[in-house]
Structures are given as C-alpha cells and as structure tokens.
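Chains here go by letter, A, B and C, matching the order in which they are written, and residues are numbered from 1 within each.
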Amino acid sequence: MDRIVFVAVLTLGLLASLNGGLSMTQTAARKGHNPKLGALLGAVTGLVFTLLAALAVITLLPGQAILSVIGGFAAGMGALALLRRALPDRVTEQEALPSGAALQRNIAARRLQGTVLRALFFLSIALAIVMLAILMWTIVTKTIGLTAVQYTVQPEDLVVNGEPVNRPLDELSEAELQAVLADNARVARLRVFVLQNVIEAPEADWPTLSGQPVSRVLKNNEYPAELADAAFNTLDEAQTAGLLALNLDRDSLQELVFDEIIQPQVVDSWPLWTSLTQRDEINAVVAEEYPEAEIVWRSWVSWDFLSSPLDPRKADDTGLRPALIGTLLVIAITIAFAFPVGVGAAIYLEEYAGKNRLNQIIQTNISNLAGVPSIIYGILGLAIFVRSLETFTSGQAFGASTANGRTVLSAGFTLALLILPLIIINAQEAIRAVPNSLRQASYGLGATQWQTIWHHVLPYAMPGILTGTILAISRAIGETAPLILVGGATYLTQDPKGPFSIFTALPLIIYRWTTLPQDEFRNAAAAAIVVLLALLLTLNSIAIILRNRFSRRLS
Amino acid sequence: MTEGYTNGRFAIETRTLHLYYGDFLAIRNVNMRFERNQITALIGPSGCGKSTLLRSLNRMNELVPGTRIDGEVLFHGQNLYDPAVDPVEVRRRIGMVFQRPNPFPKSIFDNVAYGPRILGQRNKAVLEEIVERSLRQAALWDEVKDDLKKSGLALSGGQQQRLCIARALAVEPEIILMDEPCSALDPIATLRIEDLMRELKSDYTIVIVTHNMQQAARVSDFTAFMLLDEHRAGELIEYDRTEKIFNRPQDQRTEDYITGRFG
Amino acid sequence: MEMPDQPIKARSVLDRELTVLRDNTLRASHMVEAAIERAVAALKNQDVGLAQQVITDDQAINALRFEIEGHCYRLLALQQPTARDLRAIVTAIHIVVELERIGDHAAGIAKLTIELAKEPLLKPLIDIPRMAVVGREMMRDSLSAYLNWDAEQARRTVARDAEIDQLNDQVYRELLTYMLQDPRTINRATYLLWVAHNLERIGDRITNICERVIFMVTGEIGEIE
C-alpha cells in the first residue's frame, strides 16, 4: 500500500478506535461486562477492521486509494455497531436506573470515558508544546554557534616601518598602533575615521568639513598646534593617524585597527548543536578549506547587532538598527491610532447605538473585516495612504521633505486598519461583560451616560480590552505583506527618523536575509527573529502589567 | 387635590399612571400619594409590577428601551415625565437602593464621594465631610472609619448594602426608593437595615418594595398591595395604613395574600 | 413512586390546626353547658351525688382550657398568623378562659346545692331553672356565632342578657319577701341568692364571649351596649 494512503487509513483507524473505545465502554457497562475490557475491545475492533478492510479494498481494486480509505473507515465503524449489538447481555433484571454492581459498572464506564478524553486533551497540548519547542530550537540554534573567521590581514603580518610586528594586538603600544594605521590604511580612509569616530559628524557634512582648517574641524578636540591652520584634506597619513591617536583612547585605537586593517570575516558557521557535538569534524573541515581561519564562538544577537546599520553584503558586519527603529516607530503609530479609535468605536456600538437593522449590518461587517487577508490591507494602504493622501503622509503638507507617501506614517495607518476590527470586537465583548448592576447604580445616583461609561464601564472593561489589544499588536508586529506593499524597504542606509521617513521593519529584513545567497545571512535572520520575539515579549509584558494594575483596582 | 399638595403632606404622587413595555401594558392606572417622612411598602406576588412602579418614580424605567408612560408622576407639583425635565436631575433628588448590593469596585471613600464628585464638588475637605456624614447616617461609619481606602467589595453583604445607602444619601435626595433591599441579606443584617430605615424616616421619605410581608408589617407606615389583572397588567388593589392592612384589610384578595392563602 | 394526585394547598397545616381548635372549643362549650344543666338539675332534685359529679368534672374543663390555650400559643409562635387567622386564635384564647370560669360558676352552684340539700327546698324553683335555660341557649348561640363568624347573632345574644338580669331581679325580690316574712328561711334563701348570682355571672361571661366574637369578625374591639 502506498505510504500516504497508509497514513490516511491509520489516522482514520485511530479515530474509529477512539470512537469504539468510548462507546463500547458504556455498552459494556450497560450489558454487565467490565467497562475497561469493553473499551479495549472497542478500540482494537475499530482499528483492526479499518486496516483490514482498507487492505482488502486496495488488494481487490488496486489504485482505488480514496475508496479504500473510506471503505476502511466505514467498515471499522460498522464493525463497532455490530459489536455493540452482538455483545451478550448478562444483566438479568432491567431496572429503570442501575444500582449495586450495575451502578458501579456504569460509574466506571463514565470515568473511563473521562480519563480517555482527558488524556487526548493533554496530548493536544503536549503536541502544541513540542511543536513550539521545535520551532524555538530551530531559531535559537542558528543564533549561537561556532564560526570560522578569516582575517584579511593576519595580525602577525602587520607591518610597521617595514618590519612585521609579530606580536598579538594586545601587546602593541599606542604609538605602534598609530604607526600601523598610518602604514596600512589609505589617507582617505583615515580621514573618514576622524570624521566618524572623533568628531562624529553626519555624513552629509563631510564634504564641507574636509576643506576647512584643522582648528575649525577639530574645534572641540585635540590637535597639534602646528597643524591648526592646515586644511583638513591636506594632511597626510601620518598626521591624520596622529590626530586619531591624540583623540581616541588605546582601546578604541585597537578596535579601529582590528575592524579596519585586520578586517575579520566570517567564512563559515555552524548551528549550536553541531558546534557542541561535532567539534572535531569542524576542525577538520576548517583545516582543509580555510587553513588560515580561526574558529570562534559567536552569538549573532549582540549589542553590535542591535546598534549597527545594515550591511547589504557582509552578514557578519550587519546590524539591524534601522529595522528595529522602523518597527518601533510603525508600531507606535499603529497603537496610537488603532487603540483610541477602536475602543471609541466599541463604546459607541455598545453604549450609544440602538439595536436596529443598520447597526446589525455594521456589526456583521466589522466581524467580516477581521478575517480579511492582510495583503488586502496592504493594497488598501497603498491606494489610500501612499497614493491618495500622499501630501499628508509624505509630510509635504507639513513642510517635511520626503519624496513620496511610502513612509512610516502610511505603514502605521495601514497596520492600524488591519488590527482595528480585532480591537473593536474584543473591546465590545469586554464592555458587554460589564455587569448591568454597575451601570444602574451609577444612573441611580444621577450620573449622565458619559460619566457612567468613563468612571465605571471603561475601567471595569479595561483588563479585557488590554488583553485583546495585546493580541492585536502581536499580530501587527509580524505582518510582512502589507509593509511590502506600502513600500517598506529591505535595505536602508539611514535610520528612519520620524513619521515621514522611508522605513524598513524587522519582518522585512528577515524576509530579505533569508533570500540572500550567503549562508551567514541565515544566522543573521535567526538573530533578527529572536530580536522580534524579544520585542513582542516586552510589549506583551507592558500590557500585562497594565492589565494587572487595572484588575487589582477592581478587586 | 391641588398641585401644591405635593409640597406639603405628600412627597410624591402618581396620577392615572400607566406603563407600557412596547405594546404590553405593565402597570394600569395607579393613583397613589406617598406621605412625606413616612415609609411606604409595596407588596404583592412576584411579577405584579411593584418594582416597575417603584422604578417609574425616578425614571429608571427609561433605561429599558421601549418603555412608555401614560399619566403623571408629580413631584413638587411638577410632572417628572414632562419633556422639559431632565432624568439626571430627577435621579439625584430621588435616590435608589437595589436588591443586590452593588458598590462600585472602588474604595469606600470613592464610592460615597462619587455622587458629589459628578455634581462638581472637588474640595477635599468638603468631600470628606460629606462622606463622613453619609456613612454616619447609614450607620456604617464606626465600622469603616479606620480604613476608608478599603475596597467597597471587601465588606460583608449587609455592610455593602449600607454602603450603597450611604452612597445614595451623599447626594442629599428627598426620597429614597428601595427595591427589595434586604432580600440578599441574612436576617441580622436585614434587621439592622430596618432599624436604619426607621432612623432615616425623619429626614427622608422612603418607599420600599418587599417580598417579605413580616418586614412590610414591621417597618412600614403605609402599605400598598398590588396584583396582576386578567391581562397581566399590575394594578393597585388596596392602599392604607399598615396596621389596617395587616389587621383587617378591606379587600378579600389582600387578606388572602397576607394570610398566605393566595393562589 | 406514584404520581402525586393533588396540588398542595397553601397553609394546609394552619387550616387543619384551626379546625382542631374550633372542634376543641366546641367540645369545651358542650362540657360547660352540661355542667350548668346538671348543676341546676341537682339543685331542683336535691341530688347530692349529681352535684358531686359536677364538681369533679370541673377539673376536666380546666384541663381542656389549658390544653386549648397552649395550642393557641403554639400556633401564634410557629405559624405567624395574620389578619383573620390571628383574630380567630386570640378570640379562642379568650373564649376558653371565659368557658372555664363559667364552668367554675357551675361548680359553685353544685357546692351550694350540697349545702341546700341538708334541708328541704324552700319553694318550688321556677325562675332559677329558667335563668339556666336562657343561659344555655345563649351559650349555644354564642358558640354558633363564633363558628359561623356571625356578628349579628353575637349582638342578638348580648341583648338576651337582659332577660337573665330581669329574672335575677325577680328571684331577688321573691327571696327577699321570704326572708322578711320568716327569719328561719334566711339561710336557704341566701344560698339561693348566690345560685342566682352565679347564673347571672354566667350570662355576663357569655356576653364577653360575644364581644370577642364581634372583634374577631369586624376587627373592632370595644364594649357592646
């Protein structure tokens, strides 16, 4: 028998077995037999007959897979029905209600049913937990592991004044580090280091700064007096390196040398389990393919990862700062828009609106909107926020300078529309659950409708509303399709700065990184997933804390 | 029977009062005058319209959509159902205590202060004084004065009901309506609230709906007996001083109900 | 289990108890009525044995009074009667107390009979037995008014008390005449006066019973004149 058909028949056989076990236990008890034996008999009958019948059908009529599956199941259920009828009745008197031994059998049968079902429910949750654990493992295993790191320039090969240094980086003095920089880096690069690490000027200002005298450029830092009036871009390697040495401490200098001269690069990486268990094989592979590489433990989730900008080519250098900021900005706008509007709509529908036909229709439509695929919301957001409302979402109406409507604002509004039905429905449920006696007490004291809602209904419903909001936000954070359609970038050089910036988001770069050729980007994607989950947990925890505070006030 | 009558001996009066839920007539032609600073009890079998009548005295019936009134409820000479009258103001001057104690899920202080606060009183000292006065009037002050921040829900059933009474007293109503206030309480708590009612009588007019005939006999000055007629509309059968009703009622139906031979 | 065939009526316990109360009260009144008749018969026939019997039987009347009274207190405590039930029970208490006292009066006549039997009758007795007959009729009427909730009958019975008072006056004047004429009759005459006095008191007590019955029916309490 074909493997798929076998699995299908087996599944249905197990179903028949379950049905048999549960139903036979009652029948056995009623007819005077031991309920546990009855259950066993029913279970075995269901399974065996299903399998045998399916086998018979597929043997007699080869190729009729569906027929055999259905036939097997029918046979199994039929066999059970016959068994129930055929089971000999050992009970002599028929009382209307059982007592004595018959009562005990009946109770045992009912308990057995309960136990079986309870075991099934437990299995369901165990299955869910196992699958979640597998999911988490596949992610976490890629974020920590061994990597083979190769250097562009080996530390030992560093040349100072024409001679190799031959000592580990830690042992070099500041003067030596300065010499290393002067000898091994191009002057343009050194100037960039000064502008970036010493002055920390924005990239846009670099051209203007370069032409200015040193005293101006480094007006808040140190420089040799003799260079004060020289134009910055006329300094040579030695002088520029000297500026670096003056203004950076030894550790920063060493870091500069390490990052820029030595330039480590990850050439291969292994998941956590393999790293822990197959160290020898890894050593062998590295010795063969990358003889000069070092094997180093690396956690792909690190502070550098969170705070560095995106690098499109090198996975080991890439950070996700722009995506993180982008996600935070978008979610902030989503919450700020969806929560008040959603809760307000729910208050109107539950407290103010009458129970007429029109409101019924509105209610049904909101429920339907909750089920619309998220990509449709993306199309909607594209049409409305990105195109029609371009002057608003691009910020041109407010004087900002984004060229088009593919901004954080559009994304935020689109996602807000996505989760709005969820928030409304959930808030309505929470408001409906407020006991009417509370409202009556408030009205009885001469409060107006709004006072009753604000002082009593909303605070009482708030824990429920927040719970639903948590769920909705959790959904919004991970949405990718709408963001793609609304114009989220998968690579950005700069961080999004405000609502009118172009943006990227965590789901988008995760998507991008999993499609890039280099294997190491898979590690980076796993790390980004971990960051996303951590962000989700943080937001959820905040909402849970808020909910608990409201709950405590109620009790 | 002149308009000015309700300013004097009678606190509130109904005239040819009919109440409809949609098309269904729930109360038929009730004419009653409730004496000021007296306790009037409404008794009758379940569903006979006593609660409906009570709630129509302070326009709480309007919270159910579709209710309609024919006739008048006169308070200080004014028909409460006149379109120019604001129900919010009515409910401030005619307060209500409900069957199940329903304190707000807030502190004891905030429960009692809620009424004054929504009327605009913000001064802390004034609120504290109002809260203390109301709790004293409700005979609850001594039991809770040490911890007014405790949640209202942490009190026992009888205490919660007294808290609800204090809450109603805080807005200084003239009339207090009580809808079976003791039916969810144990006998001791019930008797304490009956004592409280007798004390409150000197400053307020009280109308109480009760299932408990002994309670009506113990506590009320006047008793009104209601029954459903053949169309299931509630009507007033007999209304007289309590000692008359419970000793020698005029109507045979009243006597049958009181002696328990009803139905 | 069989299907129950009748709906349970409200207060069936109380109704049963009230019926028992009425029956007992009626029984007490019969005992007292018999006591009056026999006491006066003993007087007429100078039958000491019968008089003795009346005195002994009075204990049974007393016992029955306490039994009925106790029953009433139990009903008051346990059944929380109101309105007519309350009035009926309170009236029953008053009635049996009066009946017991009437019984005492009858016993008093019997004691006087025993004393009078030591000498021959002063004169044939006409008015005194007549008083007793009226008294017994009044008693029957008052109990009937009680059982039938008939205030009118109670009022009429009260009016008949005048007859007993009138007969009492007649007896008094006649015996006075005897005593004035012949001092040797003073002893017997005086006893006979007491007998008449007892019978007159019996009439008053029956009037009290009727006032109670009127209260029970109308809810108004007060003297009837």
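One rule holds for everything that comes next: a residue touches a chain if its C-beta (ideal position, glycine included) is under 8 Å from a C-beta of that chain, and two chains touch if they have at least 3 such contacts.
Predicted, not measured: the structure shown is a model, and the values here were computed from it.
A.B. asks: Which word fits the touch map of the chains here: line, ring, star, complete or other?
C.D. replies: Topology of touching chains reads as a line.
A.B. asks: Most C-beta contact pairs, which chains?
C.D. replies: Counting C-beta pairs in contact for each chain pair, the top pair is A-B.
A.B. asks: Determine the centre-to-centre distance between chain B and chain C, using the mean Cα coordinates as centres, and give it in whole Å.
C.D. replies: Averaging C-alpha atoms per chain gives centres 52 Å apart.
A.B. asks: Nearest whole angstrom, what separates the Cα centre of chain A from the Cα centre of chain B?
C.D. replies: Roughly 58 Å, centre to centre.
A.B. asks: Per the centroid of Cα atoms for each chain, what is the distance between chain A and chain C, given in Å?
C.D. replies: Their C-alpha centroids are separated by 102 Å.
A.B. asks: Can you tell me which positions in chain C touch chain B when the two form their complex?
C.D. replies: 10-11, 14, 80-87, 218-219
A.B. asks: Going by the contact rule set out above, which residues of chain A touch chain B in the complex?
C.D. replies: Those residues of chain A that touch chain B are 354-355, 435, 437-448, 451, 455-456, 459-460, 553-555.
A.B. asks: Any idea which chain B residues touch chain C in the complex?
C.D. replies: Where chain B meets chain C, its residues are 213-214, 217, 246-249, 255, 258-263.
A.B. asks: Any idea which chain B residues touch chain A in the complex?
C.D. replies: My answer: residues 58, 60, 63, 65, 88-93, 95-98, 100, 102-106, 114-115, 118-119, 151, 153, 164, 167-168, 171.
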